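Just so it is clear, A, B, C, D, E, F, G and H label the chains in written order, and each chain counts residues from 1 on its own.
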Amino acid sequence: MKLDEVTISRAILSEQHKIMTEYLDIDCAVVGGGPSGITCAAILAQNGVKVALIEKKLSIGGGMWGGGMMFPRIVVQEEARRLLDHFGIKYTEYEKGYYVASSVEAVSKSLAAACDAGAEVFNLTTVEDVVVKEDGGVSGLVINWTAVEMAGLHIDPLTMRTKVTVDATGHDSMIAHMVRKKGGALEIKGEGFMWAERAETNILSHTKEVFPGLIVAGMAANAVGGETRMGPIFGGMLLSGEKAANMIIERLKK
Amino acid sequence: MKLDEVTISRAILSEQHKIMTEYLDIDCAVVGGGPSGITCAAILAQNGVKVALIEKKLSIGGGMWGGGMMFPRIVVQEEARRLLDHFGIKYTEYEKGYYVASSVEAVSKSLAAACDAGAEVFNLTTVEDVVVKEDGGVSGLVINWTAVEMAGLHIDPLTMRTKVTVDATGHDSMIAHMVRKKGGALEIKGEGFMWAERAETNILSHTKEVFPGLIVAGMAANAVGGETRMGPIFGGMLLSGEKAANMIIERLKK
Amino acid sequence: MKLDEVTISRAILSEQHKIMTEYLDIDCAVVGGGPSGITCAAILAQNGVKVALIEKKLSIGGGMWGGGMMFPRIVVQEEARRLLDHFGIKYTEYEKGYYVASSVEAVSKSLAAACDAGAEVFNLTTVEDVVVKEDGGVSGLVINWTAVEMAGLHIDPLTMRTKVTVDATGHDSMIAHMVRKKGGALEIKGEGFMWAERAETNILSHTKEVFPGLIVAGMAANAVGGETRMGPIFGGMLLSGEKAANMIIERLKK
Amino acid sequence: MKLDEVTISRAILSEQHKIMTEYLDIDCAVVGGGPSGITCAAILAQNGVKVALIEKKLSIGGGMWGGGMMFPRIVVQEEARRLLDHFGIKYTEYEKGYYVASSVEAVSKSLAAACDAGAEVFNLTTVEDVVVKEDGGVSGLVINWTAVEMAGLHIDPLTMRTKVTVDATGHDSMIAHMVRKKGGALEIKGEGFMWAERAETNILSHTKEVFPGLIVAGMAANAVGGETRMGPIFGGMLLSGEKAANMIIERLKK
Amino acid sequence: MKLDEVTISRAILSEQHKIMTEYLDIDCAVVGGGPSGITCAAILAQNGVKVALIEKKLSIGGGMWGGGMMFPRIVVQEEARRLLDHFGIKYTEYEKGYYVASSVEAVSKSLAAACDAGAEVFNLTTVEDVVVKEDGGVSGLVINWTAVEMAGLHIDPLTMRTKVTVDATGHDSMIAHMVRKKGGALEIKGEGFMWAERAETNILSHTKEVFPGLIVAGMAANAVGGETRMGPIFGGMLLSGEKAANMIIERLKK
Amino acid sequence: MKLDEVTISRAILSEQHKIMTEYLDIDCAVVGGGPSGITCAAILAQNGVKVALIEKKLSIGGGMWGGGMMFPRIVVQEEARRLLDHFGIKYTEYEKGYYVASSVEAVSKSLAAACDAGAEVFNLTTVEDVVVKEDGGVSGLVINWTAVEMAGLHIDPLTMRTKVTVDATGHDSMIAHMVRKKGGALEIKGEGFMWAERAETNILSHTKEVFPGLIVAGMAANAVGGETRMGPIFGGMLLSGEKAANMIIERLKK
Amino acid sequence: MKLDEVTISRAILSEQHKIMTEYLDIDCAVVGGGPSGITCAAILAQNGVKVALIEKKLSIGGGMWGGGMMFPRIVVQEEARRLLDHFGIKYTEYEKGYYVASSVEAVSKSLAAACDAGAEVFNLTTVEDVVVKEDGGVSGLVINWTAVEMAGLHIDPLTMRTKVTVDATGHDSMIAHMVRKKGGALEIKGEGFMWAERAETNILSHTKEVFPGLIVAGMAANAVGGETRMGPIFGGMLLSGEKAANMIIERLKK
Amino acid sequence: MKLDEVTISRAILSEQHKIMTEYLDIDCAVVGGGPSGITCAAILAQNGVKVALIEKKLSIGGGMWGGGMMFPRIVVQEEARRLLDHFGIKYTEYEKGYYVASSVEAVSKSLAAACDAGAEVFNLTTVEDVVVKEDGGVSGLVINWTAVEMAGLHIDPLTMRTKVTVDATGHDSMIAHMVRKKGGALEIKGEGFMWAERAETNILSHTKEVFPGLIVAGMAANAVGGETRMGPIFGGMLLSGEKAANMIIERLKK
């Protein structure tokens, strides 16, 4: 067939313009494309929620790509094995209850599931600020190109309206920090010493709404809750993403 | 269950040690984790070839994540639509013969397929040099951690033996340049002006063995062959990866 | 009135989407927003040509803002005084035939004229490459966000179709260099010593079509033509932009 | 005519020397060349005030050039439409009360108006400190070349005497911070969450004299007043600049 | 003999894999490869303790290589002369009681002794965090490649179990700071003015267990204890390393 | 005893002043403190040659510290085992003829031997240029502090007279390049592909006087000779250093 | 005559070794080679005091070289004119009591006077810390090469004994800050707003001993005393240096 | 007396404006403020020539400040001793014919002499280009603020007319390179190996007019002439500056 560069360019512009315009008003924004964010977005989309997964980097997957000390393997414990199965990720058993998977496969399979289900991904997108109005809760995100910040440019952002936002930005818990820095009543206790077992046990209780309209998940949940550090075991991360998704599904039903 | 950090650490070390030791002697190394490299590795693995996909960055997917001008959509033409179907990537038709897909979905689905089929991914790994011995062909790769180069450290590399190597490193065609720089008889013509149609038409004829043991695919094929530039249309990339895979499958049968 | 952030965001996206889609197929692209580029674009637009002024930086005006050695004044000689009048730029006479104007006023007035006349400005936009097809002439530009390059990202570009392109990128003459680097038959002689008078006299003869579809103007014309350097006198720059515009108006009439 | 480089150089030096010497003692200094600063300087000059617009960058216009997320369009609401008309900036209506203009045209037209009216622009000029003497108010600015700071040089500044100073430096509110840092009684509350409507409504009440001799305008007014954030809607910015100008005109009449 | 690159690579991987796996569970980790750390590790190993010396840089020796002001000589006083003899380091007497040695020889001889005795060195390894569990003491270290941090990558660490840890990281006393930053009850007083004699006299009393499972040695001991600074005299450093070693040998006997 | 900071300072200055003054006129300078340089310097000193080992970095050992891919182990083949024994470096046999040693131990033991024998080490010292006079051979080195170059300072160097110089600067072969760049008749062929066996076999024939007064050793020998690359096997390096030393001992006897 | 490079090198090393060894024990160290430091050192030396002028940069003169806003002229008022005469610096009278001199001449003439009188200059030398012992006063300086800090190296310093130290490091007042940071009882009030007249009037009362053994002069005196800022008028600087010198001469007589 | 900041500022501006305007048309420009440039300018001024000494850095003195390897001493041989006496620089005799002086004193005394004699110094000034017109010789310099280049700004230069220009820019011989790069008939042979005696002997014959209107002096003379390197002996530098001055004095008499 005959190929025309301008048509290719217009195809890209038009399709993405449609998506961007439509996704400025959504049910849920999940900020941070690591394991808990991907899991959360996948399960939300699988349940019909209009969800955007916002990631500041070019690629999705965050720290999961690198496994432990650059050896690209992750460990998942018994309790979360069913989520590996849910996403179709292969694993081997190292010792009883310790399952080892390829970190690359873990990223690609869970992300493929999210895309399949209709989650829309906004990569290279930075959240600069949040919208908080009369009702005192987070009702939107102020977004910009990550490249604008990387290039040191001074450019105004745009705004996306959300019913609920998930902070899955890892131990930086960036959305929670934005809220607190501008005066929101929200305590951030910070991550504790390394103690994987305690961290894995408690992460689900830290996965909750910490400010009206803002739910924390994954390492951000533990960082806000003052929990210990977990290292390269990923079961709690996946379960936390799942729990956040389920909380939102319940809330949106009302 | 009780979780122990040292067991987690040993699980990661042992599983990856097994993989690394085993994969120092393989059938095929595909260098570069962009669209043609992923496609090539996926099809090789689906046909039982012992293949390593080597990528210098932390994440796989290369330039495909960003779509065109950071709008995360790619265009694929009619001829390559069957490969979108092969990987289960959704698309819409913009104009007749122009299919638009999510760039994020395209990466994750094709990579998931490669992992499913058993391709082993070595991310954060840089190819520093190639092995060329008496027979005058490429018979191995000299690899190192990318972090070593990024940190400006001076550390010796290790070596991986291969029967055939695919240079899928994009328009830098890094493996081809290494071969030429050290005296290999190999002409690199460089990429021409933008002219998508010609580039898409000719890429398959440029996908070939350019030096004993070295096949070029994707943009590297066009760069070595002196072909024109293609922009954000990805059909030729996928088809080139497929062709390189099929050439190797044939060769290894002998 | 009630103000809504999402409506504001959609207003911006939609208006610019309309412009971008429309301007992927134009009469003339002027690359470089310095004095000759602005003048050229202004006169083209004043004559009904569909013209895009493409500038890689955030602001338009280039080196004119800084005057000479950061003293924000420029000098214009008698021959070009009518162009100051054309744009409504105030000046004083220092010695007979030497007119001094504010460099800031010169930028803002000439740019305001270009906008008034309907020239569309694409700032923060880098030209990465040109389109050259069967007919062997420049028939389009390969564009990307400047921020992509500044941030060191690897992102595919889009393409803009043009009937004629003006290289007004200053003494770097970037478009001419792109054409030459990829094999176009085009000699670039480089700028000579400082000799303002000769440079000002000869610039008009250097303002011409140097490759099919590509006209050079301003310092780029002198750099390609091997002319001497001119320093902070701007008459020749303005006249060169005007001449390039008139050549294009003539050509497009055919 | 015969052109002489030394005459050109002397013309620039002499004209700017005249300006600099004269403008070391002025009625009003507007610091910051963004939309509110330009508007303020334009209206002051149109009313006969001897005003200097001081900008640290090479170009004037600040964040207005980039529109929203690098899409070069800005939105202005009904209340401020008359200022677009005042400067001759074209616009289209997106929805009732939302007017969209080219950000490039907005900069060039408003700046052209300021120049026309006789405002003198000092670009590439940094305000390092303020003069405060016996009477306890700001009575001058300590200025230097921006290039001195960019180059990391240690060079003494010069001093400019002012009757009133406008801090239009954006949300950094740099002059207000200087005053506070050295002990001036001045509270800076910081910018709140994004809430465009509230910000646009309240900006005029925050545009006021916050320290003897120092008026804040534009985003600096909202940052000092603890107001919410506004994003790429510019009506309030223009109105704030206008209000600051009118306050100064009144004061100088006395 | 015939040499095979893959065998060489496997030899390195396998030997180090054995070491890494084995050393994830040790008696003592000495963090910091300066003079006190090397001395401590050497004496521990000479007494049969399973000890790892962890150094973030590529080379071991720290600040000792450079002597004073880049003149590669160090001074040791009478009290510590026997440790020079213990390691076989040559010296000359400058004035009574002041012995001068080559700083290069001092590093290589003491490190050779540590290696001879079986201390295992982990260079290019960063301690990111510590493990603290129910018993409230340091029971492990969270380690990563230094290159990961230098390259700005986001990669999970692994964990090493220890019975006792020595902070010999110099005046940064990095392990002590980690403990304190995450809430451990540990006061760090900081280094005082230069006063070599007092520092050398008191360093042994500061060499002690400052938090359960954590002993400080060398400059880290003085920094935690609020002692004065010592400069390029190394007797106290060596004696502090020796004392820490002896304390640990006693403890492990129990 | 009473300790005085000024006495400590004077002790360091005086001892090093003695060394520097004495070593400005020596038998042999070995440039580069990697494995071949250390071996060469050690054997020279053990045979009574007045030798300076010059290293630009703070620490000695070069690339040997990092083993292969940051796993701190090196491999030595049968032919060079006796040099491990000579320096007292422990090793284990991986496969017949492949001996694995700790890279850290290898550095410290060989360097300790060099120091023991009286080789003087000048670390943090850069060779800027060479002295070549009437007789046309290298008769001295132009040295400076490495910190001068790192800090970007413009400071004149000093000069050291040598009877013979060894370029052991690795594959950069910096001294050979200096000689060639200033017109010395010396061909530098550059390193070839990876082929460890050939490299190890031929390195001794490349270890020779390549310009009057200049001997190349280690990777510099192979780089000048156009030999293949060797990777993390160190036998040839040690043997090359030994051969260079023996050639010099013979020459100086005359 | 015959010239020998090694003799030249030894001449430099030996002469400077003599100076360094001798100057590790002096009457007075003046830290900072700006106008007040040079003046102080010159007058001290002219009165027979053994004085070292320590400057971290390569060149002496500090901010005086650049005049005001890079225009290399300084202004001195009537009160200090006699010091211009004392150093033989030419000047012209701009208005009554305002004398303008070349900043370059001012540096070179005052520094030449200091050298003539026997002050010894240590350039490229950083003061890292101070010596404070039992008596609680500053009794020495801890010095290092500036290049060590610029190159990011970790190298131990040497120590210089002083009877009195002058902090003439400008508004950073670096020595005073060191003393305060390590617990010395010393208040540093910081520089106020620009108000040249007040600053020039009060600088002499701020020039005093602020901690036992430590006198502040020049801008450091005003910064410690909380005085206003002065800009490019240098009379107070010169007078402050003179006063500090006279105080020290008196003290040393006792 | 009463001090006014604006008067101080105007005094600086006006005095330097007078100098700049006057010095845009001079007899001789000496480019480069190292030892040969200072000497040349001093002797020219002492003979009544209107001379500008142009230096790109803030301070004058170049590489002379640092002596050899940061030890601030320089050596001058017998032949040039009279120039030390001419400038009043103190020295000691190390060996017969080798005179050692303080590098700091050497700079300040020679520069003070130049200022005394009326040479005008333009520091922080970069020569960007030269003026060459019909007669084919250098007849002017294109100058800019160094800070413009350091800050990466794009600002037009001004022009200075000269009868003769001296390139005293050191071994970069920057003016000679500018001339050659733009096509001037001028061979630059580059500096040879270190061989102080030959360099010192031949420098005077290399000090000559190498292009109409351009004389090279100091290290630039040797670099253009292909002479050997000299190191920290300064006799030849001073004599070369003197010779260049005398040649110019003769020429201007005609």
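The criterion applied here is as follows: a residue touches a chain if its C-beta (ideal position, glycine included) is under 8 Å from a C-beta of that chain, and two chains touch if they have at least 3 such contacts.
The UniProt protein names, listed by chain, are A, B, C, D, E, F, G, H = Thiamine thiazole synthase.
Since we're looking at a predicted model, the values are computed, not measured.
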Item to check | Any chain that touches chain D and chain A | outcome: C
Checklist entry - So which one's got more C-beta contacts, G-H or B-F? => result G-H
Item to check | Chain whose mean Cα position lies farthest from chain B | outcome: G
Item to check | Whole-Å gap separating chain B and chain E, where each centre is the average of the chain's CA atoms | outcome: 44
Checklist entry - What is the distance, in whole Å, between the centres of chain B and chain G, each centre taken as the mean of its C-alpha atoms? => result 62
Checklist entry - Hey, how far is the Cα centre of chain A from the one of chain F, in Å? => result 52
Checklist entry - How many angstrom lie between the CA centroids of chain B and chain C, rounded to a whole number? => result 40
Checklist outcome for this item: So chain G residues touching two or more other chains come to 5, 8-10, 12-14, 58, 66-70, 124, 131, 140, 145, 147-148, 153-155, 158-159, 194, 196, 231-232
Checklist entry - Name the touching chain pairs, please: which are they? => result A-B, A-C, A-D, A-E, B-C, B-E, B-F, C-D, C-H, D-G, D-H, E-F, E-G, F-G, F-H, G-H
Checklist entry - Once bound in the complex, which stretches of chain H touch chain C? => result 129-133, 140, 142-145, 148, 153-159, 182-183
Checklist entry - For the complex, which residues does chain G have touching chain H? => result 1-5, 7-16, 58-61, 65-75, 77-79, 88, 90, 92, 94-95, 97-98, 100, 102, 104-105, 107-109, 111-112, 115-116, 120-124, 145, 147, 194, 196-197, 200, 231-233
Checklist outcome for this item: Note: in the complex, chain G contacts chain F through residues 5-6, 8-10, 12-14, 17, 20-21, 24-25, 58, 124, 131, 140, 145-148, 150-155, 158-161
Next on the checklist: Help me check something: in the complex, which residues belonging to chain B touch chain C?
Outcome noted: 62-63, 66-70, 190-196, 198, 229, 231-232
